[in-house]
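Paired with chain B in one complex and with chain C in the other, chain A is shared by the two complexes that follow.
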Partner chain A sequence: MLIHRTGAQKPKPASNWLRRWLAADTIDGIKRQRALLGYLFLAPTILGLLIFIIGPMLYTFFLSFHKWNVFRPPEFVGLDNFVRLFADARVGISYRNTFILVVMTVLLLEVMAFLLALAVNRIARTRLAYLYRTAYFLPVLLSGAAVSVTLGYLFHKDFGVINYYLGLLGIDKIPWLTSSDVVLITISLTTVWRNLGFTFIIYLGGLTSLPTEVLEAAEVDGATGWRKLRSIILPLMSPTILFATITDMIKMLQFFDEPFIMTRGGPGDASRTVVMMMYESGFGNLEFGYASAIALTLFAVILAVTGFQFYASRRFVFYQ
Partner chain B sequence: MSGKLSRRNLLKLTAVSAAALGANLVPVMRIFAQGNPVTLRFQENAENYAAVVAAFNEQFPNITIEFVNVTGVDHAEIASKILSQLAAGQPVNIGYAATEATQLYAGEGLAMPLTQRALADQATLAEYFADVSPTLIEGMMYEGDLYQLPRDFNAAHIYFNKALLAEAGLEVPGDEWTKDDFVEYARAMTGIGGGDSFGYGWTNRLWGSWTPWFFVNDTNLLAEERAPGGEAIWDTFYAGDPLAEGRGGGWRWPAPQANNPKMVEALDFVVSLTTDGLTPAVEIGGGDRLQGFFTSGKLGMTIAGGFWAGALINAGMEPGSFEVQFWPKWVSQRHQFGTGGAWILQGAGTEAEDASWEFVKFNAARDIMLLIPWMANASTTPVRRSINTPEYWGQTGLENGHVFYDALDQRPDTAPIPAPVFSIEMTNIYTRYTSLATSGEQTPQAALDGMQAELEQLYARNA
Partner chain C sequence: MTYGKIAHSAPPPALWLWVQQRWSLWLAYLFMTVVALLTLMPFVWVVSTSLRTPMESFSLPPKWIPTDMDFTNYQRVFDEIPFIMQIGNSFAITLATVVGQLVTAALAGYAFARLVFPGRDVLFWIVLATLMIPSQATIIPVFILISRGLQLNDTLWALILPSIPTAFGTFLLRQYFKQIPADYEEAAMIDGANQWQIFRRIYLPLAAPGLAILAVLTFNGKWNDYFTPLIFMNTKERFPITLGIVDLQGYMATGSISVVLAGIVLSTIPVIIIYIFGQRYLVEGLMMGGLKG
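And then the complex of A and B:
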């Protein structure tokens, strides 16, 4: 049968060139097809990254050199925001508070979560392990706002349940939320309670995946208890510890929910954190340029702390 | 006379009709004539406003109301969220602002001035203004223009837990009670109710807080003056009303005076209530926690407005188990209030602005106001005098419900809380230093010196 290919005589549109380039039945053509497919799969992630991470970061950088109050267009002010920031005593106080909170909270979190994980790992094959895992993880599922509001009641100096029970033990009322000496401890305890489950699950996961042959060999060699923990478990767990510590530290450097809801940063500035300062400067005082400058310094601090942790980890992290 | 309508008469009739309809129908006609669908973003809770919007859509089927529910601990926080939506390019067409944000939106050009529209709609709105105290209208003005039609307000009063009152062998005091009477009441109601009650409780914020104490000590956080202007509103809607005499175009607060001796004296007094054990630990924030303590019989007295009455019933208190009275007298008995109403986004286009105005005006009608559930059940103080009846407050068991509107009608010196354009930052400074004094970290004098210094810097930055 004769087929008349009348269309083949017409001039080809430009898009046909691209189609042939991609569909070419050659090694290069197949490579190009695979590359295109790869980019297509990556596109949602790249787009998300550009729109939600890179874009806002670049705009924050841009804003940090401007004065902007939402109502009027941004006005270029050079380094003014940074000069003001380094002279602002309240920013200094908020950094001090944040560092104290980070050190207290991360220390408590890592130590308690690790000890709990060790304990639960010992009974891993019993039904009780399910109960403990669920119980410790449950607070992670709660909203930070709900936890802060509820614990705010419990920590109330005059009507709180905690002081009531301490009173039964003969201990005077503690101003958990209204004394600058105590307020950071209160916030740290609240945060530890809510976040413990997450770190605990990471450690438990690490412990359950430790190579049993190494542990058994250590036992055969007579290593038990503290010796086994110090010389075998801790080195093997060091990558997990590094991961948990870094993620917790990054999270805690961005402390916001608990102090914002429980104390509003008070009394005075005693519990004001860097992120609170940033939020209040932007959305309270309508100084988005200044808030952006604070955000950039915090970004730099987080970057530096994380970099230092990776650097220091060379000495104590053991990779199999 | 011929029964036929001549062409000349038809033209005359048309001209007369147009004149009679006046400018106030132009926006309505424009919206109907175009018949274009208009969508307005309205800052409210859909459930609360469902009946209002349904009634509105019967008249304006082409206007769709989209709800944007914004919540916050206080009005300053709500304003922050509204501004974050603006920053994100998603502003509301119609917002609700309390005194805390009125001048912020007006001063920054976000809200549209409503004076000319109100005057053009004089026939419709005359009844509304006649029913609303000029004190509230002045509170919604900025530099001579009206920016909001107030919907509700709250003046600060003292609420009493009647069970604790009875246990202390006391009765609700009279109108003219004093600060010393207040201390006696607080003392008598401390340590009863199972042994752990306190005489008086309050929270640290701008409205309420210790603000009423410096008001009755005849001073204010910021110096006060009236802006010129506003005559068009006063002459048109309040001619001959003695309560409107001497009013201007809104309030100005030209300078801070946080550490003047009367302010120090007022804060000293408030702090002494804590150190004497008459007041529990004072925290920053809204009144939720306070409500819990009051309803559970742990507080004898607390500061609140009309909103508290319905809220206490909703929280489980029986009608008649609490009562209210004016703020006690000190040097004066000047009351403070905050009011709120809808504002319209400026620059959203004529169609959206016209439609928004129709909606705001529609909301000012008495029957429409009462379609809002919490307005009907006394969970706020309506701005309309005619709603503030003994029956209205009687549903919560209050016998002294008249004090809410009397704070406006009987006490013409009642004034709004100080809330200039930069009120959010000002409130932050105010609560921060107040917390230093109430927690004993600083003396009242030191705290107020610090507050004054920061307020001066704030004024300098915004000069």
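And then the complex of A and C:
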């Protein structure tokens, strides 16, 4: 080539080889370019996930078979942590509390959010519908910390606004946060208040994207009200219902902020959840092996719920 | 004969249908309004009580309209906790996480959507699988890695670094890049654009709505995070505002709740602003989750 002969530029052998290998004027070169770019683009995410999720996940497995308080190297104890865990009454109570919270909260959330979405969808695309939607959505913006502190005041037995109004209706003061019989209901109501807008938006999204031809056809056939809801809307909405229910269940299984801030798990252990147990054994008592074992049992439960979602979406859910 | 049969199965009288529909519509309005009131009342109570004198903050019946207009509570938030620093920390943590997630997830999402290379599908399944791992299952090793390995405990980096790699964001943006037709790419290549330019100049701008959704969702989640800072942070000056609020409540317990509520109002303003500007993306992002079922 001309440049070579005049010696104006010394070609660098390595970059020359690379340039030829990746030459943009050949199909293979472009393919190689894109493959190289693909790996480069993926590198930060894959490395990050390896370091902060996959690696730690494996290490949690490792730790769950060890006894470890950070100061001395981990000591292998086999299944001791799990044996201890299944015999630990407090872990049992925390699982019981968590399951009660999940069932109560998710039932309330799904039913209320679905009814609300049905109602708002009837007046869809009006300014009023927009206002209602905004109102329901506002609590979703708040932190669990802000909500727990605020509703903690409102639920106060003697100074709380809620008991004041119930008093006007002739209802005795309810020890919302101080009675072990009531405290789970209180925390559940708090969580419903904070999450209703989220679940509602998912249902509203599902309803607005229902195929209008099917709904109109049903109306032409004379299906109204209850009939239409049961035979048309519910089956068409079943994928959304399944998704929202499972998402909410997984979220609620990881209950932490509300009980931790509102009651510290009390009175006694009445509102202690699984994540709180894990947090306290790990970061409180420095029993990291035991805490890892607790975390793994919760992970197993969450996996089971996810697995059920896959199974159920094949069996029961109606896809158009 | 046939004529009579059709007439027989005709819909019920119009008047009855009208009454039925009216009635259920009113019921719907009643339900929507009651829930809206229950949703909004705590907000009104927080704002009006935050403007009340400390003496009056426990007064019952609650006064829903702020009458005292006492702004000293807001002043005291700044005196009681390092509020400015804590809000600043929340901003730094949240923005760094949002930017980090946008960059890494846009690159990875593009690679999965539009680039072809060996092992792509396997890698994609691995990324998807990590979506199922809850943060509690990884938090102990991450804590050990951050505090002992990297010596970053009690720094803002402890809250930023682990939350940058995002399987969810990668998946979300992959869907966005996939929707963009491949014709653009061919046209650009004919014009002599290289692979990086195709990504940067053509596909990235077209995926802007997806980037906005990820940004808004991450902002909301990270600003409101309480669990992770609780584990990593010890120094008040380095707390994000969620920890600051609970801390404020802790030693205001016997004093004035008005000050605590003033702090809550202040800490909520940034997310409300984000909502006003980004609500379309936030709502759309959440709805999309529902649709993919």
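Note that the second predicted complex is superposed on the first by the 282 of 320 C-alpha atoms of A that agree within 3 Å, B and C clash if a C-alpha of one lies under 4 Å from a C-alpha of the other, contacts with A are read in each partner's own complex, and residues count from 1 in each chain.
Keep this in mind: contacts are C-beta pairs under 8 Å (C-beta built on N, C-alpha and C of every residue); 3 or more make two chains touch, one makes a residue touch a chain.
Because the structure is predicted, anything quoted here is derived from the model rather than measured.
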Fit or clash between chain C and chain B when superposed on chain A: clash
First, second, both or neither for A:N285, with chain B first and chain C second: first
Touched partner set for A:N69, first chain B, second chain C, both or neither: first
First (chain B), second (chain C), both or neither touched by A:G266: first
First, second, both or neither for A:G48, with chain B first and chain C second: second
Chain B versus chain C as contact partner of A:L138, first or second or both or neither: second
First (chain B), second (chain C), both or neither touched by A:S180: first
First (chain B), second (chain C), both or neither touched by A:I250: second
First (chain B), second (chain C), both or neither touched by A:Y59: second
Touching partner for A:A35 - first (chain B), second (chain C), both, neither: second
Greater chain A contact set [chain C / chain B]: C
Residues of chain A contacting chain B in one complex and chain C in the other: 70, 153, 159, 283, 288
Touching residues on chain C, where the partner in the complex is chain A: 11, 17, 20, 24-25, 28-29, 31-32, 35-36, 38-40, 42-43, 45-46, 58, 60-62, 103-105, 107-108, 110-112, 115-118, 120, 123, 126-127, 130, 132-145, 148, 161-162, 164-167, 170, 189, 194-196, 199, 220, 223-227, 231, 242-243, 245-246, 249, 257, 260-261, 264, 267-268, 271-272, 275, 279, 283, 286-293
Touching residues on chain A, where the partner in the complex is chain C: 24, 30-31, 33-42, 44-49, 51-57, 59-60, 63, 70, 112, 115-116, 118-120, 122-123, 132-146, 148-151, 153-154, 159, 161, 164, 193, 196-198, 201-206, 209, 222, 224-225, 239-240, 242-244, 247, 250, 253-254, 256-257, 261, 275, 278-279, 282-283, 288, 291-292, 295-296, 298-299, 302-303, 306, 313, 317
Touch list for chain A against partner chain B, complex: 69-71, 152-153, 156-159, 175, 177-180, 263-270, 280, 283-286, 288
List of chain B residues in touch with chain A within their complex: 76, 80-81, 83-84, 86-87, 108-110, 196, 198, 204, 280-285, 289, 292-293, 298, 422, 424-425, 428, 431-433, 435-436, 438-439, 441-442
